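Same chain, two partners: chain A is paired with chain B first, then with chain C.
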Partner chain A sequence: MTDTPVIQLSDLSIGFTGRAGYTLPVLRNIDLTVRPGESIGLVGESGSGKSTVALAAMGYLKRGLRVLNGRATFEGHDMFALNRKELESLRGGHLALIPQNSGQSLTPTLRIGAQLTEALRLHSRLDPSQFSARVLELLGQVRLPDPQAITRRYPHELSGGQQQRVAIAMALAGEPRALLLDEPTTGLDVTTQAHILELLRDLARETGMAMVYVSHDLGAIARVCDRVVVMYAGEVVMEGSARQVLTAPTHPYARGLLASIPKLSDPHLPMALGGRPPAPGGAGDGCAFVDRCALASDLCRTSRPMLAPGPGGAPVRCHHADRADTLPMTSTGDHAARAEVGTAPVLSLQDLEIRYSKPGILDRLRGLQDTRPATVDDITITIAKGETLGLVGESGSGKSTILKTIAGLLPPAGGEIRFDGDAPLPRSVEQRGPDHLRRIQLIFQNPDDSLNPRHTIAEILEQPLKLYFGLSGTALQDRCVEILERVRLGGHYLDRLPSQLSGGEKQRVAVARAFAANPDLVLCDEVTSALDVSVQAAVLELLNDLKAAQGTTYVFVSHDLAVVRALSDRVAVLYQGRLCEIGPSAEVYALPSHPYTEVLLGAVLEPDPDTAPKLTADDVIELSPPAKGCPFQRRCPRKIGAKCDTDTPPWQTRDDGHAIRCHIPLDDLHRQQQADS
Partner chain B sequence: MSLASIPQNSRLGRTLSVLRDVMSRPSGAVGLCLVVFHLILAVISPYIAPFDYRTMNAAMMLTGPDGVHFLGTDHLGRDVFSRTIQGGREAILVTGIATPIAVAWGGLVGIFFGLIGGRVDEVMMRFVDAFLSLPWILKMLVLIVTFGTGIEVLIPTLAFFYGIPVIRIARAATHDVVARDFVAAARARGHSRMTIMRKELLPNVLDALMVEGAMRWSWMLLAFSSLSFLGFGVSPPTPDWGLMIADARGFMSFAPWGVLGPVIALSTLIIGINLTADALAKALGIDRAQKAPV
Partner chain C sequence: MLQMFLRRLFLGAITVAIVSMIIFAGVEILPGDACTAFLEREAQGRVLENCREELDLNRPAVVRYLDWASDALRGDLGVSANGQRSIAEMVGARLQNSLLLAACALIVGVPTAIFLGVVSGLWRDRPVDLILSTGAIFAMTIPEFVSATVLILVFSVWLGWLPGIVLTSANAPASEFFPEIILPVVVLAMVMTAHILRTVRSSVIEVMNSDYVQMATLKGVPYWRIVFRHALPNALLPAINVVALTIAWLLGGVVVIEVVFNYPGLGRMMIDAISDRDLPVVQAIALIVATVYVGVNLTADLLTMVANPRLRTLYTRK
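Here is the complex of A and B:
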């Protein structure tokens, strides 16, 4: 291995010309050196310029951007001086990029084998007769089971994780010496994500290629990278070994970022990083972080700090790096008020069964029942007033389905929903009374989808206010402003469209719309998963404060176990639409766990270089639950035999309300799990 | 009222900002200029044409372009330039009336099926597909042969045929919007179906229909000219691009100007509309690649 850099960015500044004709920088003086075999993580919130850096290393600039200063080289080639042809021969060959959602960017109409062959034809020097053997080798290299069968499949016949593996195999086809990855696991399930990261780690070690890994997820970075570069507002603010950055960050922003991450090991609500980064060109003469920094002094306002070795030796861009250790980097939890949990049940689900499939017309005429297993079945949960119930499970486990059914958008096939001790709720919204509709509100995952892009914020907030309270005129206007202020936005947002707001602001508007109805029960469906970590912390804090102030009850759905832990009083774990485990948060996150919960907990990535995920089950996606026995039978690492295939496991309930549904007696389970950890 | 004082997100404000966006794209600026040029020409051409389009001149048949007859004369000695600049009036009038009708009825039907969904919707779409798979000229000829030619037949015929592909687009757009969470949110709040349709659905579907309308217009112009070319559209001596091309075709080898004038006029208008539609789609954030090619 030589020490000549593979990728080198020197003093690179990239910018665009703004409306007023000024040049606005997006990247400022980036220096980055990547050596062979090295894995570098680029972190920062959205808009910090991390993707721009990765693309610049490929010699690519988004429309409107241009190089203001500096160079980007790959193995000595100046990437911005090469002509189109030379660039194309490098890209995809020795220098490959795996973009976000690359699994979905596979050509849907071509078989996997054909796509890989095409990649080989373009980027490798192999003889065509060797292609098919190489395709199998590549698929094996990304640990896909039965490569021969995979080559004949179409992308939609693979799970998200498998698609991502194929995308990685495509990138490997050109035998790259450097691999750039832009958020390669965002949007994948925890277990899948952990598996992909292990794969990337191993690949880097086996092939000696350099990797640049762009992510906002410090947990993922901690897992694969040797060195971490923290970016803020287009600048590198800190750089160092993964251990240095994650355990002893010397830049205030890096510390704030760490404190805003919910951690499995920490039951507290994460700490939000107030404010937002400056717009391009808005950083002024001083430090770009000055408006959000607790250590800011007059010096910070007037002079821009340089990247210089700080305490511990790692380069840091801060005047007061020596005092950074006074700032917290884990959540203290003091900032969060806890609400009282009452005893009166607000919502109770009894034997809830939900099906998407309807029996065909012929079957209905013949009076036949649908024999396929229901998507969601056998859900019995009671939620007390003021309580937050967390609902976790992998994608497709039926979390959203259950929320939609509670909200009346999807009538259940069986069982009943009782609200506030009343008679069972009518099955669909159309049959429910206005009071029930008002008291149950739903917040969706992605505000881009749940806010009508053609409505202004005022129109969005007016809808529930007009509908439920008949407000109009100045009363309506005043109330809108009041609600906006409650979610820490101001009246000046009223005339804006959702597209003119940042992701976090949009989600606040969605929260505001739900709370405009004065609800008793709020159903939150992955409300923070489309958001940056620092913004996520702020939205979680907001939800927690609103709840403490109004005694609202939440059902909080998420695939992120750490987020659920931070907010929930009780947690229910769902697999294939069936409950596996339910109990007080502290109990569910402690042993003994249901074997599925154990798998989920093992796959969680912590922003800590010393914890490795424990991968005990394969990351297969099951398409439908088994007809009988335990729903987890096909993936369970602790399966005890035929009993699991045939008999529905019993609920084993302990005094504190912690219940696990498994054939293994709790004491045995506890002993086994303790022995393994 | 100055432009700056219009609230940015009001309806007028939005229209203006979309227009500005269209104009800021090269395709939009060029396209819109071409379209506006043709529209103005259609209105003023009778007043600026140097010759009467009917005036024949047996002594001046098929003469080449010169300072008097910029585009020469046709086989009856009529001025090709005067006929060319007036040759789009009929086409623009007919298609200009038929397009909004087509978009309106196709849009309504499409939204209706998109909303009810299920089996009825599927079956209806099979009919639409079957209908679309027939060659359009055949369908059109059957109707024209049955009901005769002339504006009063052409407008409803074109409006009918070109409304059918709009059904598909409107239905697809409706499906897209109905699947989005803001519609689910409105349902969960308990708004009535009418409110959801008017407030949540229509504003989003109308964008797609507007772009679709522009596309339909250019197709319709082409169809109208083809019908004229075949002798089923405008009757002589009214100048019309399709008819002019048909008439001049026989003399193309030695008098190409007779074809050149109307061809350039027709293609600049159609290209203009297409460029505008493209820019409009981009300005409205609609991905044209997804739209069904018809």
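Here is the complex of A and C:
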């Protein structure tokens, strides 16, 4: 490729300037060249500066940041030297950005049509009379059904995937030659993500535009990018072809990152990358990765390595790149702990039915029954002591709802919950005794929301200890320290506030709080979804160790099938609040599968440039389940006929306890699926 | 949408009904009644009995409440204890005056407040913002009677530009209140501007930091177009409720200003009625002010709903 670069960052440093005139660099000496038609992936953990790079390429800096050194050019224009008018004509025109969270990036008070027309008015040479036709064309190009209806909608009336498509259409309005994508699929369901990525690949091929794809997700990068740039603490630490970076990385951080990703093909626990990245400006004179690196030597502490060709030729920033291949880049090889799974059920859900909508006062007075299908229905699951049950499904599948109901936060509309063989558990948390409350604990997705920001870690941990065990004085203190040590934090954290902790540390405190109650059943609601992969691996390891030590039973909810696989003994797949499949995890992840499980598994992206997702069903978001028949009837690629629409499918159970709820006989299903794979 | 509106209206009516009961009960608990107030020192023995007989005060409280409430619903607020005049008529003129004062203050105050709030938010932490924000805090914290007195001192006593006190009678037509009304309007506008300005300022700052404004910037939308098309329609939504509270305050809560400027509004009538122990009038005014509060807040909620597509579509689609 000899073409002149589209985007070029040369020796770019960006940072904050403190009061005394000293600077805190967020980006250090970034060199990045993007050629026409090329797609480059920028990977790294949160705080590595990857989004700042994308924004800098547009000449945009977040509040408080400034350019310390170097320049950013787009087709020869120095982005930080242009005046406002020139910037406005480039941005959204030949250089466009697709934001991370389209839901929040579309103006809530403007209709979709108006926002797209605005982009055309600013950047297109079309006559205004052609705008509306072009808007429809753009919406069609991003494969949105019924574009006419979409133009009249407001952003909040679209699903996450649809919002993302609108954002893509908006970027395409200016006929960009370079497209910057800032985590464009983070937060979307796996099937939606896979569809969006295929769309982007196709668009890049059709239009010949260059792409810079910013993501922490190596699976997505592997699917979309030719070249990958790995960032750490504001520096480029490695750069190379996607294949090179994903299969033979020469930087220790890149290897660690790969090892920490749970993979569908590998049932073992992923390996945690210890420590955390330095704060901006905290990297010192040496290598920024030195504190977390297994190869670190004295040289690494005193001298900052330069980006230089390493083994295999790809540029790498490491003094010991030649020895990097001694570091593992796959999982630990540890199986999830198999604490003795007893036979006595700890928890059994019988015909559980949950509804969010309550009939209004008037309807109740008139004695009307709610005839709409329940949000969650017909859930019967038994969980044995020491077992981990994984609950998977797309957003809206009811997995978190079921956890809330078990915890008593959302009383069920029907059915019963039995705990430890007792009489049915009282429906709501107010009616449960302290012993039940203690024995069932819940850990939430986001520790920023679940830990009170004004309470110190000590206060957070003391609450369950005082409440359930009546501890006080030094006994209380000692117990807090002991619990913190069990989650590998240590007593010096006691006086800190949650805001002084990193995301992973906060989630450890949340785990510690749950375990302070010495529970029998721990409900984990997407507990690793808000964390970086390396931190996620550490939290998974911690949960696994605690389970091995205490024989705790988990119900583990996640949208990430690989994470669920790493930790669970059994897996249940939910669609629209109904169970599709349940069984030992090895069986659920193998054939035959329920057609929905098959769709889910097919959409998972592995960090491997040679795999492609199998997309067999549309990523339609259904708002409510069908009134009768199979819940998956409308999207099922293996639908056999009217029977699926009218009859509830039967459970087909095999000897190993693996059960699939489908009208297709298991043997037929197995044969069809084997033939397709 | 209509169902939603009817439900809110129904709840508003219930609120007013409950408030009316509380008002009635409150007045009932006070020692003395209309007759003791009216008859003063002669309120004893036969005279008092006769008076009570005449005014039907011997019937049970519940019956009297229902009577009062159903009359009030028909617009009949009864007669005052002092002078036996129709309260509806007395209050009517005062309510008009209060509305005039409120309308003038709103016409001056709301656009000023929104304009200054937006300026302050857009030029956050710049000198203009510091001056406006500090000014707003002063306007909020200095008691109205102090600022009113200072204004009277400056503009009436020293400069002699404006009348410092309202001498027009309560029943005069609106036009006769000019220019006497100017100073009270200025004082009221100052206080309300401060409140609305601060709300608008923080809302503008929040919206200008939002992802969609960043996105619009990166889409190449010119700055002022971002401000007017993307930011302000969102930033001004919270202002609706603050303005509503301000209206309610203007109609019933500006007693101090009315007393300082001798303005014949509802608030001063209430004070006079209280000092005269004219309980029927006190009851009537309290009821009117409560109804205004509920009505104005209901209107604000509905306006917010109409202006915010998120809320609007919640009730019109699906």
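Some notes on this structure:
We take it that the second predicted complex is superposed on the first by the 662 of 677 C-alpha atoms of A that agree within 3 Å, B and C clash if a C-alpha of one lies under 4 Å from a C-alpha of the other, contacts with A are read in each partner's own complex, and residues count from 1 in each chain.
Quick note on the criterion: contacts are C-beta pairs under 8 Å (C-beta built on N, C-alpha and C of every residue); 3 or more make two chains touch, one makes a residue touch a chain.
Since the structure is predicted, the reported quantities are computational estimates derived from the model, not experimental observations.
For the composite obtained by overlaying on chain A, chain B and chain C cannot both be accommodated without a clash. In the superposed model, A:M170 lies in contact with chain C only, and not with chain B.
Of the two partner chains placed by the overlay, only chain C lies in contact with A:T107; chain B stays clear of it.
When the two complexes are overlaid on their common chain A, residue A:P99 makes contact with chain C while staying clear of chain B.
Judged by the touch definition given at the top, the superposed model places A:D351 against neither chain B nor chain C. Residue contacts after overlaying the shared chain place A:N452 against chain B, while chain C stays out of touching range. With both structures placed on the common chain, the touch criterion links A:P434 to chain B but leaves chain C unconnected.
Legend: residue contacts after superposition of the two complexes on their common chain; A:Q463 is shown touching chain B, with no touch to chain C.
Of the two partner chains placed by the overlay, only chain C lies in contact with A:R91; chain B stays clear of it. With chain A used to align the two structures, chain C clashes with chain B at 236-244, while the other stretches in 38-46, 182-190, 200-208 or 236-244 stay clear. Comparing which residues of chain A touch chain B with which touch chain C, the overlap is empty. By the touch rule above, chain A contacts chain B in their complex via residues 404, 407-409, 429, 432, 434, 437-438, 440-442, 444-446, 449-456, 463-464, 467, 495-497, 513, 517.
Listing the residues of chain A that touch chain C in their complex gives 55, 58, 60, 63, 84, 87-93, 96-97, 99, 101, 104-110, 118-119, 122-123, 154, 156-157, 167, 170, 174.
Those residues of chain C whose C-beta lies close enough to touch chain A in the complex are 209-212, 214-223, 229-230, 233-234, 308-310, 313, 317.
Here chain B touches chain A in the complex through residues 7-9, 180-182, 184-191, 199-200, 203-204, going by the rule given at the top.
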